[in-house]
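What follows is a single structure, and I will ask about it in a moment.
Just so it is clear, A, B, C, D, E, F, G and H label the chains in written order, and each chain counts residues from 1 on its own.
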Amino acid sequence: MGLLDQEFTEGNIVIAKTEDLFNWARLSSLWQVGFGLACCAIEMMATSASHYDFDRFGVIPRPSPRQSDVIIISGTVTFKMAIRIKRLYEQMPDPKYVISMGSCSNCGGPYWEHGYHVLKGVDRVIPVDVYVPGCPPRPEALLEGLLKLQEKIRNESIVKPIRSGFVGKTA
Amino acid sequence: MEVTLTHFLIVSTLLFSLGIYGIVTRKNAIMVLMGIELILNASNINFIAFSRFGNFGLQGQLFALFVIVLAAAEAAIALAIVLNVYKTFVNVNVDEIDELRD
Amino acid sequence: MKTAEEIFNQLKEKFGSSIIELRTDKPVESFIVINPLEIDKICSFLHDENDLLFDSLMNLSGVDDANGTKEKDEKGLETIKGGTLSVYYHIESTKLKHKLTLKTSTPREKPEVVSVTEVWKGADWHEREAYDMYGIVFLNHPDLRRILMPYDWEFGYPLRKDYKNPEFYQGMKVPY
Amino acid sequence: MMYDWLYNLTGSEILAMFIVSLLPLFVFILPFALAAVLAERKVSAHMQDRLGPMRTGYHGILQTIADIIKLLQKEDLVPHATDKALFNFAPLLVFMGSYAAFAAIPFSGFFIGSKIDLGIIFIVGVTGLVVAGILMAGWASNNKYSLLGAMRAAAQIISYEIPTLLIILTVIMLTGTLSLYDLSEMQTAYFWNWLILGGPAVGLQKILLIPLMILGFLIIYTSTLAEVNRTPFDIPEAESELVSGYHTEYSGMKFAMFFLAEYANMFAVSAIVSVIFFGGYQSPFGYLGNTLGWTWLVPIEQFFWFTAKGLFGVFVQMWLRWTLPRFRVDQLMAFCWKYLIPFSFVILLLVGLITLM
Amino acid sequence: MTQYSIQNTKDSKLKTEEMVLNMGPQHPSTHGVLRLELVLDGEIIKDVIPHIGYLHRCFEKHCEAMTYPQVIPYTDRMDYLASMYNEFGYAVAMERLLKIEVPERVDYIRVIMGELQRIASHLVAIGTYGADIGAFTPFLFCFRDRERILHLFEITCGARLLYNYIWIGGLSHDLHPDFIRLTKEFIKDFRPNVKELNELLSYNRIFIERTANVGVLPLETAINYGVSGPNLRGSGMKWDLRKDDPYSIYHKFDYDIPVGKGEKGKVGDCWDRYYVRVLEMEESLKIIEQAIEQIPEGDVTSAIPKRIKPPEGQIYTRVENPRGELGYFIISDGSLNPARVKVRAPSFVTMQVFGELCKGWMVADVVAILGSVDIVLGEIDR
Amino acid sequence: MRDYIYNFWQGLYTILVGMKVTFRHLFIPAVTIQYPSVKPQMPERERNRLYVNMDDCIGCDQCARACPVNCIEIETVKSIPGEDLGTTSNGKKKALWVTTFNIDFAKCCYCQLCVFPCPTECIYMTDTYEFSEFQRENLVYDFVTLTPEERIQKKKNFEEMQAKKEAEKIAAAKKADEDKAAQANKPAETKSDNKEENKQ
Amino acid sequence: MLTEFGKIFVFILTAALFVVVAIYVARLLRPKRPTFEKLTTYECGENPEGSPWVKFNIRFYVVALIFLIFDVEVVLLIPWALVYKEIGIVGYLIGAIFLILLGVGMAYEWRKGDLEWARPKIKEPTLDIIKSTETQKEELKTAS
Amino acid sequence: MNVYDLIFYLFAALTLLSAFFVVTTRNIVRAAFFLLFTFFGVAGIYVLLGADFVAIVQLIVYVGGILILLIFGVMITNKITSVDIKAGTIQTLPAAIGVGLFTGIIGAVILNTDWFIANSEMPESTLSTLGKMLLNEYVLVFELLGILLLVALIGAASMARK
């Protein structure tokens, strides 16, 4: 629940620390890069569709990475795609978050063994904040992943830098 | 110094000169067109300034209006011509292309 | 409707030695084995002949027969020398409703087959895929590039049985 | 009028004007834009059998505030390849253009930025700034999507200015004024005085005018839709083609400015339409304040009616947006040429004749 | 620092005035990770160069490392919008290779599932098509209905998207006790929704303007390219493998094959392709209705072989996937693992003709045409 | 001209029809499931995270072999004679210490193939889907109930036994060498003597 | 006393001020960590191929050119619309003739097809290869 | 110096500076955008001169029309990245000198002339006066303009069509 909700329910006097306010704003308005990769993307679409409604959490897809805050890697990342994903991620303005959705982007999933063209985990090119397991994860699971991410953001501090340039843990 | 006719005339003269300068120095047809627009604007300032400070009633403004209409017609035609020219001689500018991108 | 046998005879009559054999011994599906360098002519005949009219290419697949000699290198990885790569063509006639399977084999060291894109445009990408996956070169193909793998993939043809994964691709680790 | 009142209060005209000019921004545009973005999401959600924002405040009413605060914190990227000066200046221009329109909009008899007697065409004029700003943004971004989007937007906006102007011309012929304030005052008292119902004309003239005016209203509403790039005319930022059009490269606060300008424009155009055809701030049934003798109530009522009408216009815009597919560029142009302009021509000529009766 | 670069295959034919615009791989309307290189002249498409392979997941390599039943989860992941049908096709192919008969009930359930999957898949196709054209609401309506179907699948096999339900010689589970009732309910609710969808989208004038006469695919070309499924039928050919190359028990049902008639424009335009899908959903409903009336009792797992070791040989089998002819070419070398599985993916073939369809149209039409041919990248790239 | 008017009319009409539809939906209650506050009822066959009931697992490796993804990692150690591991709920005797039973849920594709071959039905799918993690390593689940020390212990035990057996074998071989005529009876197999109590 | 235009001017200044202040405030809050990659041009994750600032053929936007003239025309009519009533039917006719002239222009354009966005004739994908195979067939026939 | 003067200087500066950039900037698109400010400034000057209608027409026609067309024209015909403006070194200096001379002379003339200033009040309601003038003395011009626009329309379109 958002910070302000708590204040309402607990009837406190609103002494919102700016940090809390900012974190609250960030976590309740996570705009997502409108972008899907594979089967998981279909579940991601289902999550934004009527039954699960991503919009309830303030998540709306923005077509351009320049205006988005979170990128959901929803599906198998191949080598051909990994480079593009990295670039897309780079092109998002800070602060930015990554949700890795599904086995494939977690570690290559069903393709980890023989997948000669599958990147074994998107965390080899970009830093991942939350790993959502499942193949595909149920929409609820994705929502839960999002809640986890919100939890993480809530505990973030403005003072300490969130993340600077990331070098893939490849070499 | 109170702003009177002279000021407007000076502004218009300067604008006019800039327009002339643009026409003379630029080879690009569209730039020339821009210069012409500057000149027309300068003349309009004159028209209106005289209509404000002179005793011609609103004729100056009316003329300014006509000038604007003419300018529009001229711009349309001129651009059509430019387009046409470029369509016919697509490669006419090839030698001066490239570099200097900032 | 024509059976494979009839078509085989008809082809044999016309193309002679380019038509190698009709295989019916393996269960399930019979196929005609033909010469890889004549395939375009044969296919165009199959496509145009009035009582054949094979107007559609259902499938074209490259296959690694893995029938050469297998050698193990010091790391225990297999390499295959010799033998053949094959291409299977599954064609059908939507008008006469008959189907046919063609097979052509080409040596592994220099796999060359003539392209059939002139006959069925749909063969284009199938052939590119076969090239991408097996390295079978389709002569006369308009645009033979890799299709599924990155264009700069220089580590061989992944569906060959003796394919080895590279360690890195553009700085990304390939194995798990 | 508020300006005079403030002038008396503060004794400084610049200060008074400054406050008056700030008012639409803070009293209206910002809250409106906040509410409109939320409403857009809520309306669309309910039309699509879902709920929309639910978790920031009660039923998500704080959602847009969260969005804005978040956008405040977002990094502001100026990509290498852009023309930096123009890139930074474009949002300013666009916002200035759309905000200037609010100067002439009469929110109520008391609250009006400027009673400029060329109100309507002034608003048409300042959209020119918006177009230039959009082109600037598109070009400066050095991005193909932006450029294409900007070109489309510019072509579209200047094209649909023609039917708008023609209908405005019709209205001028009918009423003999260009001032939005006068227009609103003219349609006072009851709703049958609204221009959509023939305005102050009487008898046969009125009856003849009604169908023409309804058609005119449809035309102007459609073309304003096009001018603010709403579906079915949202091709400049067509998501499925051009990513997000001319503001593809913008991030953070600059993007927010475009966003704000867009929503401000939405309201501005529907406000203008309501002033022209629906009596602006006039109540359809007379004023409670007048009947009760509380004169101070009247401006508030007027403000209420004005907002209500404007917001209804915005609601219809949203409604259309979530109902219709979008046109293709050439179809959009053809629609303007082949339907809107000829129709408005005819209306213009007919109205001219009728008013001479 | 690691080194990344993207190689672009440059077409030497390009002239300077032409603009090369990339659509994808991250693009809202390329339906996944397709990259289209549009060669533009202003807004007009001079040429489209599709680049695929961004989702190449090495399916065929995996097959060679798996045993025959283990392949099934991977077939699911090819055309992830029609997983049921992929399994169906694979099972049919394997049964033909193994020469086993399946119990009748299995066939019925497979047909019900397959047709439900067809509806679900078409719903996505229609919905995303609407979204491509700019109407977002139909998209969500379609997903809303699809969710009901997914629920049916879920109660039956526990998964929403990738089922691993149809096995070689049988099924993993029998139907859920509630299944028949829920399906009937779904059918009852679904019919009015289709009507509503038609009102909202199919007959909308703007939609028709955008789609009719656009991207016409003549029949000859379609056949030569090997286009199949709704796209071929949209071009006016009554060709459906369920009737023309029968498998399973489709012959027992009474249904039509809708074809494009060029109602709003030329035969084979985008609207036809789109509308064929709408009509097909109705036909699928008919099949399901008949099937749940006739379904016999029985065991669904009895025919599943314990160890699957087909004889040496090869087979090409095809089924009518929602996207067209899905073919499996399986070569067995007599061991536990297949020697080669090649999939003839309908979208892969359709995608080839796409470039041709787009020439001369505008950027907006590319989106319309792409949506109308309804591709799934998982299947193209495999 | 007729077309012209007709088009216009059609456009207007279909737009109005569409608007009617969307307007109606404004008042249709939403189908949304408000997930974190309302958790949907999962169907009984739901396939999500696997669970292994280690009490029943006999370490037969069937599940790992059936898994197409190879995400189950099982290591077993033979129990030494005299140890009793108990029986499973369907009456099978256990003979192996399962020292490693890792399922990597980051790899698993939730296909359920591992569930069917299990002879004791101790590996099954549950309806838990909420287990996202900040660290990928946490997605590897260890189902073994033994403590790490016990695992080492079991391994050691086995090795010792192995060594003993080896020694015995050598001894037996020697013995056999020595008197070929007399057939030595084989050392007791592990299978035959698990009649002790389960150590837990 | 400010004129009405003066008020508008103040409005515009306010808008500018607001934008500048908002962006400045944001500058205080937002992070700034540009990297090279981050500032590359977005093109769906691809390397942009060539600059968009190319010789941009927008032959369709020629339509916009025609619009300009209409724009001017309508603007010119505004004074007329305001006062024609005072002159009566003659006044009306003056404007009407003006309008009809333009109407004629438009009708002409319409007939000429200038109002369509010029686009090349769409060629449906046909099979040139059918022809080629036909010729091949001929060849085959002659050969055999 | 009152507000009026201040604003005049502001607009004059805006106009002249941006006009200066128009003719000197090396980037043609920037030139076009600077033209925007020139036009805007000129519109401001019109307002100061009491020609409100003309000012708005200036906005509509120049900013909303001609400028956009110019930018389109630039985009159609130029490879914009390359600054293909032949700012030939041969021409700039003589041009500058010539234009400077010319400006000087005219300026001197303007400054030294004792202009007759008739009415210093702002004209009221310009629009209806303009309308009346159009319908009376200038009716022929009005219709001629109509014809002119017609010709321009047809001409431009047919030329662009080719």
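Worth pointing out:
In the analysis below, contacts are C-beta pairs under 8 Å (C-beta built on N, C-alpha and C of every residue); 3 or more make two chains touch, one makes a residue touch a chain.
These numbers were taken from a predicted model, which means no experiment stands behind them.
Under the touch definition stated at the top, subunit B and subunit G share these contacting partners: H. More inter-chain C-beta contacts link the pair D-G than the other of G-H and D-G. Put simply, the C-alpha centre of subunit C and that of subunit F have 41 angstrom between them.
If you average the CA atoms of subunit A and of subunit C, the two centres end up 43 Å from each other.
In this assembly, the C-alpha centroid of subunit A lies 28 Å from the C-alpha centroid of subunit F. Here the spacing of subunit F and subunit G, counted between their Cα centres, is 61 Å. The set of subunit F residues touching two or more other chains comprises 15, 18, 21-22, 25, 30-32, 34, 68, 109-111.
Looking at subunit C, residues 121, 148-150, 158, 170-172 sit in touch with two or more other chains. Within subunit D, the positions touching two or more other chains are listed as 14, 45, 47-51, 54, 72-77, 83, 116-117, 121-122, 139, 144-145, 147, 151, 154-155, 158, 161, 178, 239, 243, 248-249, 252, 322-324, 329-330, 338. Residue ranges on subunit H touching subunit G, taken from their complex, read 3, 7, 44, 47, 52-53, 55, 57, 60-61, 64-66, 68-69, 72, 75-81, 127-128, 130-132, 134-135, 139, 142-143, 145-147, 149-150, 152-154, 156-158, 160-161. Those residues of subunit G that touch subunit A in the complex are listed here as 29-31, 33, 35, 37-38, 40, 42, 44-46.
Of all residues in subunit E, those touching subunit D in their complex are 19, 21-22, 27-29, 43, 130-137, 140-141, 144, 200-201, 204, 206-207, 209-210, 362-367. On the subunit C side of its complex with subunit A, the touching residues are 148-150, 158, 163, 165, 168-176.
Partner subunit H is touched in their complex by these residues of subunit B: 1-11, 13-22, 24-31, 33-35, 37-38, 41, 44-45, 48-49, 51-55, 57-59, 61-62, 64-66, 68-77, 79-84, 86-87, 93, 96-102.
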